[in-house]
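What follows is chain A paired twice: with chain B in the first complex and chain C in the second.
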Partner chain A sequence: MSDTKKFLYINRKAPYGTIYAWESLEVVLIGAAFEQDVSLAFMDDGVYQLMKGQDTSAIGMKNFSPTYAALGDYEITKIFVEKESLEERGLTLDDLQHLVWEDEDEDWAEKDSIRLVSRAELGDVMAEQDVLFNF
Partner chain B sequence: MSMLHLVNKSPYENNNVSTASSTMRSDDVMLLIEDAVYAAVKGGKASTMLEGHKVSVLGPDLAARGIAEDKLASDVDVIDYAGFVDLVESNDKVQSWL
Partner chain C sequence: MKLTIQINEGPYQHQSADSAYFFAKAALDKGHEIFRIFFYHDGVNNGTRLTTPPQDDRNIVSRWTELAQEHDIDMVLCVAAAQRRGIVDDGEAERNGKDATNIAPGFRISGLGQLVEGGIQSDRLVVFGD
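Showing the complex of A and B:
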């Protein structure tokens, strides 16, 4: 399709203190139906969205974190996580969910979706995009 | 006279944890709830602002955010909702840093 555009969703908020994280996920999933070239970026407090082991049973809010694992099935295979944001918060990739997608061109081989990038590298990714969405 | 300093925003989003810690007196207690619980993660830049203070963290808000207790700075106290009520009751005043 010649009018495919490159969309980047930039997530910079923690998951439960505001509605931004959940709203972003909703828009991403709706947008996935339009067969665009979609990437996600997680930086600043947005890296907290991908923390594994989230259990919201005692705060009376929906735990939407399992949904991130379904992004691969929506052909969202590029998830950029910014390195400096993790480090500043005392986190490593091991604290985050292991997100994968299946490559149909390689007999459905499972591949990592998360790409750890520096702030400067994320700037390069942003520059390649046609449309930036901020949450 | 003791004061309970209540903080609910991420220390990486605004200065509330910093301001609270700078105004705390020796008998005061800080309680981290909602997104402020991220301040208590060991090795995070914000955890240094808690040093030398009595700090409690609300357990249900930690669990919601996937922060296990072994990820916390060693001197913070994890409490439940009943412990929150106890802190409000045992301190003379509550200062909410909004």
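Showing the complex of A and C:
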């Protein structure tokens, strides 16, 4: 039996205010060592986690948003962002960090990690998974 | 079916510890196997033996301990989450220079890899929390 499963980490909450976003990222980073087929999804207020230019100095909390830019190094290359969640919040992809990964098979060509998907398409992505983590 | 259960919320504050407990009991009654129960976020507070609820209320912590002992269930508190929230066993007390422990019987402290392994090894990962 193959031990490789399709994992999807679903991030639904704002980055600060509660610890869910940060502790979700901790699972993602640890889980990367298990060599599973990992995807991340950002929906609802979770899309705020990927905002560029985050500044937490006024709330006395660690700004962990630079960590998302390292996901490519952990071979996490599929980051789904739900289109409706962005639109409902007046955001576009330009408001988010530009996340990339390097494709070893194409001479380390830099490729976009973020895939903008509709709510219905994200539902299809979820249906394909073996394990859903919901944070 | 082999199950791993993840609990993300603290006891009493949130019903997920209760729902997860009743789910676990029902699953065992139906003959399913529980590979692991993993406590994350404030869920690690399910594992402090210092909990003292009023006498006419349920004792969520000892309820977990009894369930684990009766069915030989592996109950794991996430180490990073536990360190943040002051849940301490002997090893953690020694490592971090703490003057006390509070982990309840039947629980152990270990890494997030145990959660990921639960997802890999089980037929279903069932998550309780917001």
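Basically, the second predicted complex is superposed on the first by the 134 of 135 C-alpha atoms of A that agree within 3 Å, B and C clash if a C-alpha of one lies under 4 Å from a C-alpha of the other, contacts with A are read in each partner's own complex, and residues count from 1 in each chain.
Keep in mind that, in the parts below, a contact is a pair of C-beta atoms (placed from the backbone, for glycine too) under 8 Å apart; a residue touches a chain by one contact, two chains touch by 3 or more.
No experiment lies behind these values; they were computed from the predicted model shown.
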First (chain B), second (chain C), both or neither touched by A:17: first
Partner chain in contact with A:61 - chain B first, chain C second, else both or neither: first
Winner by number of chain A residues touched, once chain B and chain C are compared: B
First (chain B), second (chain C), both or neither touched by A:94: neither
Which of chain B and chain C A:44 touches, first, second, both or neither: first
Doubly contacted residues of chain A, that is, touched by chain B and again by chain C: none
Residue numbers on chain B that touch chain A, as the complex places them: 8-10, 12-13, 34-35, 38, 41-47, 59-61, 63-68, 71
Touching residues on chain C, where the partner in the complex is chain A: 6, 8, 40-41, 80-81, 84, 111-113, 115-117, 119-120, 125, 127, 129-130
Chain A to chain C touching residues, read off their complex: 3, 5, 7, 19-20, 23, 26-27, 30-31, 33-34, 36, 130-135
List of chain A residues in touch with chain B within their complex: 14-17, 44-45, 48, 51-59, 61, 63, 65, 88-91, 95
